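The same subunit A turns up in both complexes below, where it pairs with subunit B and then with subunit C.
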Partner chain A sequence: MKMTKEIIERIEGEATLELEWENEQVSFAKIKFFNYRGIEEILKKRPLLDALALTPRVCGICSHSHAIASVLAIEECYKSAGEALHITQKAKDIREIALNAEKIHNHIKWYFFTILPELKRVGDTTYAGNAFKDKQWFQAQSAVMQSLKMGAHFTGQWPHGSFVMAGGVTCDPLKSDLISAQGCLDAVIAFCEEHFYGMPLEEFLSFDSALQVMSSPSALSYGIDEMIKHGFDRLGRSFDRFLALGESYRYEGSLKASKTTVLGADIKYVHESLQHTFFEDKHKGYTYSKSAMYKRNYCEVGPLARLMVSKDALMRDFHRRFKDAALTRVVARAVECAHLLWRTKVLIDHINLKEPSLIPPKKDIHSLSGSGIGVIEAPRGSLIHSVVVHQGLIESYDIITPTVWNLGNGDKQNPSTAQKALIGLNSFTKADFILKSFDVCSVCTTQ
Partner chain B sequence: MEHAKLYERLAERLSNLEKFPRIKEEKSIAALMEEHGISRRDFMKWAAGVTAMLSLPSTFTPLMAQAAELTDRLPVIWLHMAECTGCSESLLRTDAPTIDSLIFDHISLEYHETLMVACGWQAEHNLESAIEKYKGKYILMVEGGIPAGSSEFFLTVGPHGQTGQKSAQKAADSAAAIFAIGSCSSFGGIQAAHPNPTNAQPLSKVTNKPVINVPGCPPSEKNIVGNVLHYILFGTLPALDAYNRPKWAYGLRIHDLCERRGHFDAGEFVQEFGDAGAKKGFCLYKVGCKGPYTFNNCSRERFNQHTSWPVQAGHGCIGCSEPGFWDNMGPFEEPLGDRLYHTVYGEGADKTADKVGVALLTATAVGIAAHAAIAAVKGSGKTEE
Partner chain C sequence: MSHKYSIIWLQGLTCNGNSHSFLNYTHMPSFAASFDMLYHPLWCGAEDFMSLLNSDVTFDFLILEGALSHDERLIQRFNLPFYEILDTLAARAKYIICAGSCASFGGVFRLRDPEKITGALFSGKEKGGYWLEKNNIINISGCPVHPRWLVETLVALHHGEKVLLDEFLRPKEVFSYLAHHGCLRNEYFEWKVDSKQLGEREGCLFYEHGCLGPMSHANCNKILWNDISSKTRAGSPCLGCTEFDFPRRALYETQKNMSLPQTPFGISKRAYYSLAGVAKSFKIERLEKKLIDEND
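== the complex of A and B ==
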């Protein structure tokens, strides 16, 4: 049996992809992450609120997501100790704006700086050009910056902003901040309309057919054409099983979907496994990444999952044509980005500045004991923080990141979502692209 | 040194540098800016800003502009260790004002794992050949803490499974100047926090060569680019403080130039998050701001294109550019002099100081003492231009 091992770059951190081949086809894949920092261990015995500063450092891309998941978990701790905190609509809106800023920037960045150059490389394996010298890069870069700048009006800085606190948010934006933030958002929308979608946002959001997207020239339709050319409309299919545990304005509660059937989901069925890690067996293990399952099943999380459970008409049409192929996964991010731009615009327009930003908890944090789980839909999918606190100090802290869902390692009988998508391929370049279609982040995965 | 003389010396260095060939035959920065719609006037305004940031007289602005144009004579290798990529994110693709990011793009970045297209064997080959080709000439920038000693296996990179420690040592051996970017690489950072499960160490602990620390979590992009330009202008290490941080960026405390400083002096404090003081923008010292102990220029330079910074968003400074801040500065939501309960770090420093005045005095005294101590070390030995 032939075996190949390659390093995956151009992601956050580094990963190794080990492929087993039979008859020129991938028969099994191992996704290995070789960096470990031990953040869950470091959190133990620290004051509870320190988690708000520590957990964002898990990831330089999703730092706001971690901060928000962490504050939700802390607020649940108060609830379990008998004090349900009231979070004002204003605080909720600001948290959502911050989270959206992060998602929007991530989707644009990933599409223009990972997907487009990777597609060029699939077409021409000698391509070593620097996508960053391209004019479009500079424009996409500006849009990414504007998106984060928009968020920074509320969060203070990106990455690693400190703006959430049990009971609400610490910032008190003024009307002038809103106007300035709106200006930044408009610049992002203008970029997306001109380059990403090639049409006004409203028009794009009214579509319900893949053909409508593909027929107008844009960076998105160019990407779709290229993917079809290289067969990614058929390759990279996985279990067609989706999970979205965090809240969204587009659906209610936690949901899962199998193909197009959507059902309720409950976090109590989430199971974390140490299979194949160095933690389970120092010698036989081969990665520092844990894996997560829902009722013993691997599920895909992320933008595609969110759009599938919200029964988005346009995404359903892509899914009808291409199932959960790499193409569908890529397009989902672009479609979600459009919805988020629109939603954020509405949020900034309607935010009520007269409400308080934060209502302080009555219970003294130093005597707080209890436990809580915070779930959020981060850019790459469901992010779960669960904490047990005793007398204000952290007893245990567990983080399940989105990439743990998608990129864990199963075995040959029951492969994980990404492994399933890789099996059957005939080239490493294609495997590399399909792995990246999950938006790999190794720093999150291993923490 | 007198200004005129210094000016002459820098001008001479730049004209010598100009004689070196460009590393890659690509467009000049001037052409690149024009293509991206940045006018010469904007560029000069930017150069004037950087000149002021580096505490140089405004007459040096043309030199700064020239230095920026010469950035393509300088090969840079950027390595990732155990980290979150936040520093790269902060600099390369997000935070930076467009001119800064353009210049960083223009610098001949020979190796950067997150950005390059190459992967696997090819990538490792690129790194090796860059080290070989520019031996003794390149600038090395390292992001992330480094699991060292018997724990070095917690981070391995590349197809040969080389440990992070070895790869950093190897790259450091032949570098002309070494910058530790971010608190992780400067001081060990989050992974080195108690109990330091992976024995993460700062870059300066794994190499014998002098390392310039540019801490912060994340560091401001201006501090990173400022260092590169400083190196081009002077060709030597900048004046450093006791922790090897460039003085032009880390010379003052956050507290010194804080926009809420007036409220501190007037004794107006936020007592708890969400109270009336918070709405009025009072001082955050009593809800844990570590600005009085932290040396950095955030209060002046801010983040995300000068948009905001944590104190503006109503949350105190957590002291992220100080060594060991994860363990020394916590709890982050309580003042240091006011700790009332056990933490992993032992009993609070001053149990009785829960009255405003005493707490204030303590803070000021500690701050002043720290400042004085550091100032004393600063004067003793580090070279200054």
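== the complex of A and C ==
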């Protein structure tokens, strides 16, 4: 049996993709992540609030997401110890704005810095590209910056801002801050209208057919054409099974979907497996990435999952045509970005600055014992922080990142979501692109 | 115009935060006009990494991001032990720039195994990191590094200027300042008015909330982050992320000695506590009130 081993570059971190081939087709794939850093271990025995400072350092591209998941877990600890904290709507809105800034920037960065050049590479394997010579790259970089600046009005800085605390948020913005933030957001919207979607945001958001998106010249329709040209409208399909455990303004509670059937989900069915990791077996293991399953099933998480469980009309139309192919996955990020731009504009417009930013807990944190789970929808999907605290010190801290859901390793009988999407492909170049369609973050995975 | 300077960006044990922070540089086209990014792990650079590694080209800057280790079980890149790559490239670089606290001192990830995981020249505060000696290293600490600290250091070197460094090999133009300088809460600090609780514009975070601004070297509150804000402006304490001992324990609590906080950097206990005593003995009504009182 033929085996190949290739490095996956230009993702967050680095991965090795080992492919098994039969009759010129991928028969199995192993996705390997190295360079483990051990944040969960580092947190042990530290004061609980240190998690707010250290967990953002899990990942440079989704540091706000980790901060928010962490504060939710800490607030649940208070609840388990008998004190349910009241978080004002203002604090909730600010957390959501921060998270949206991170998601919006992530999706723009990923589409313009990763997907577009990678598509060129699929068309011409000798294509090298050079970001510093590409005008659109600079325009996208500027939009990315504006998106993060918008968020930094509330979070102080990105990456690694500190702005959450048990009981709310630490910032107390003025009306003038909101006006300035809105200005930054408008600049991002202008970039997306001109380059990403090729039309006004409102028009894009009113669509319910893939054809409408494809009819207007834009970076997105260019990408769709290229993907169809290379067969990514059929390739990269997986189980067509989705999960969104964190909350969103577009749906109620935690949900899962099998194709287009949407049902309630419960975090208690989440199971973390150490199969094939160095943690389970130092010698036989081959990756530092754990795997996460829902009721022992692998599910896809991320923008596509969120749009599928929220029954988004436009995504459903893409899905009807292309199922959960790589193309659908890529388009989902662009569509989600549009919704988030709109939503964030509304949030900034409506935030009630009169409410307190934070209502401090009554219980002294040094005597806090209990446990809590924080779940949010990070840019790449459901992110879970789970902590046990004893007398104010962390007993254990466990993090399940989105990449662990999508890019874990199962076995031949029960492959993971990404493995399933790779099986049957006939070239490494395509496998490389399909892996990237999941927006791989090896950094998060090897926390 | 002088010729372009070339950069290779290499990652050790990292969260990628310094790369993403660099991407927040406001004048990127101007930077790109003077520099060639031969290789960066996250986006398309001018060259293929393996050909660079196997060639004998010399280049101007090796930017290191992340903590370093000689132990190949802890870190590898391109299926090679990390030290092979680092040693090869370091030998051909004119300057080695440590971007962030991990590459400078070991940072967060050093805590897992301080014997084996270190910064380039330092392990925490001790000399002797990945290398014992090397005379072309500049540390630009911070978790993450500020894009301007990095870019402005590179540009100064490109202009052939001498960059003055402090005892931890950090550029003095950035690290002679303290995070405290320019914080909007300075007046509360002067008059010892504590922030009663987080989430408010008023009060200083030094007395109860663990702010390390007065002992952390960085110009955060001078140049601001993302061109707009900073931790203390967003109501959170400075975490001391530019210092060799980042992250300290209990970052949201003020470490006290006989109920007195630590003194600011370079200020004697006698000077600080006498002044603090006097300041505290006055009750400044304006500072006890809300900054903006809607009922006034």
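FYI, the second predicted complex is superposed on the first by the 445 of 447 C-alpha atoms of A that agree within 3 Å, B and C clash if a C-alpha of one lies under 4 Å from a C-alpha of the other, contacts with A are read in each partner's own complex, and residues count from 1 in each chain.
We adopt the following convention: a contact is a pair of C-beta atoms (placed from the backbone, for glycine too) under 8 Å apart; a residue touches a chain by one contact, two chains touch by 3 or more.
In this text, all values refer to a predicted model and were calculated from it rather than measured experimentally.
Visitor: Report clash or fit for the pair subunit B and subunit C bound to subunit A in the combined superposed model.
Guide: clash
Visitor: So, A:I8: does it touch subunit B (first), subunit C (second), both, or neither?
Guide: first
Visitor: A:I61 in the overlay: touching subunit B, subunit C, both, or neither? Say first, second, both or neither.
Guide: both
Visitor: By the touch definition at the top of the document, which applies to A:G38: first (subunit B), second (subunit C), both, or neither?
Guide: After superposition on chain A, A:G38 lies in contact with both partners, subunit B and subunit C.
Visitor: For A:D432, using the defined touch cut-off, is the partner it touches subunit B, subunit C, both, or neither? Pick first, second, both or neither.
Guide: A:D432 sits against subunit B, while subunit C stays out of touch.
Visitor: State whether A:D172 touches subunit B only (first), subunit C only (second), both chains, or neither.
Guide: Touch status of A:D172: both partners.
Visitor: Is A:Q157 touching the first partner subunit B, the second partner subunit C, both, or neither of them?
Guide: both
Visitor: Give me the intersection of subunit A's contacts with subunit B and its contacts with subunit C, in residue numbers.
Guide: After superposing on chain A, subunit A residues 5, 7, 9-14, 16, 34-39, 41-42, 46-47, 49-50, 52-54, 57-61, 63, 109, 113, 117, 128-132, 138, 141-142, 144-145, 148-149, 152-163, 165, 167-172, 356-358, 360, 443 contact both subunit B and subunit C.
Visitor: Residue numbers of subunit C touching subunit A in their complex, please.
Guide: 11, 13-21, 23-24, 26, 28-29, 32, 35-37, 40-49, 74-79, 108-109, 111-112, 143-144, 197-201, 225-237, 239, 241, 247, 249-253, 292
Visitor: So in the complex, the part of subunit A that touches subunit C is made up of which residues?
Guide: That would be residues 5, 7, 9-14, 16, 34-39, 41-42, 46-47, 49-50, 52-54, 57-61, 63, 91, 109, 113-114, 117, 128-132, 137-138, 141-142, 144-145, 148-149, 151-163, 165, 167-172, 174, 180, 356-358, 360, 443 of subunit A.
Visitor: With touch defined as at the start, can you tell me which subunit B residues reach subunit A in the complex?
Guide: So the residues of subunit B in touch with subunit A come to 26, 35-36, 80, 82-90, 93-96, 98, 101-102, 105, 113-124, 145, 154-159, 161, 164, 189-191, 193-198, 200, 217-218, 272-275, 278-279, 281, 302-305, 307-316, 318, 320, 326, 330-334, 340-341, 343-344.
Visitor: Quick check: in the complex, which residue numbers of subunit A touch subunit B?
Guide: Going through subunit A, the ones touching subunit B are 5-14, 16, 34-39, 41-42, 45-47, 49-50, 52-54, 57-61, 63, 105, 109, 113, 117-118, 121, 127-133, 135, 138, 141-142, 144-145, 148-149, 152-163, 165, 167-172, 288, 356-360, 366, 392-393, 432, 443.
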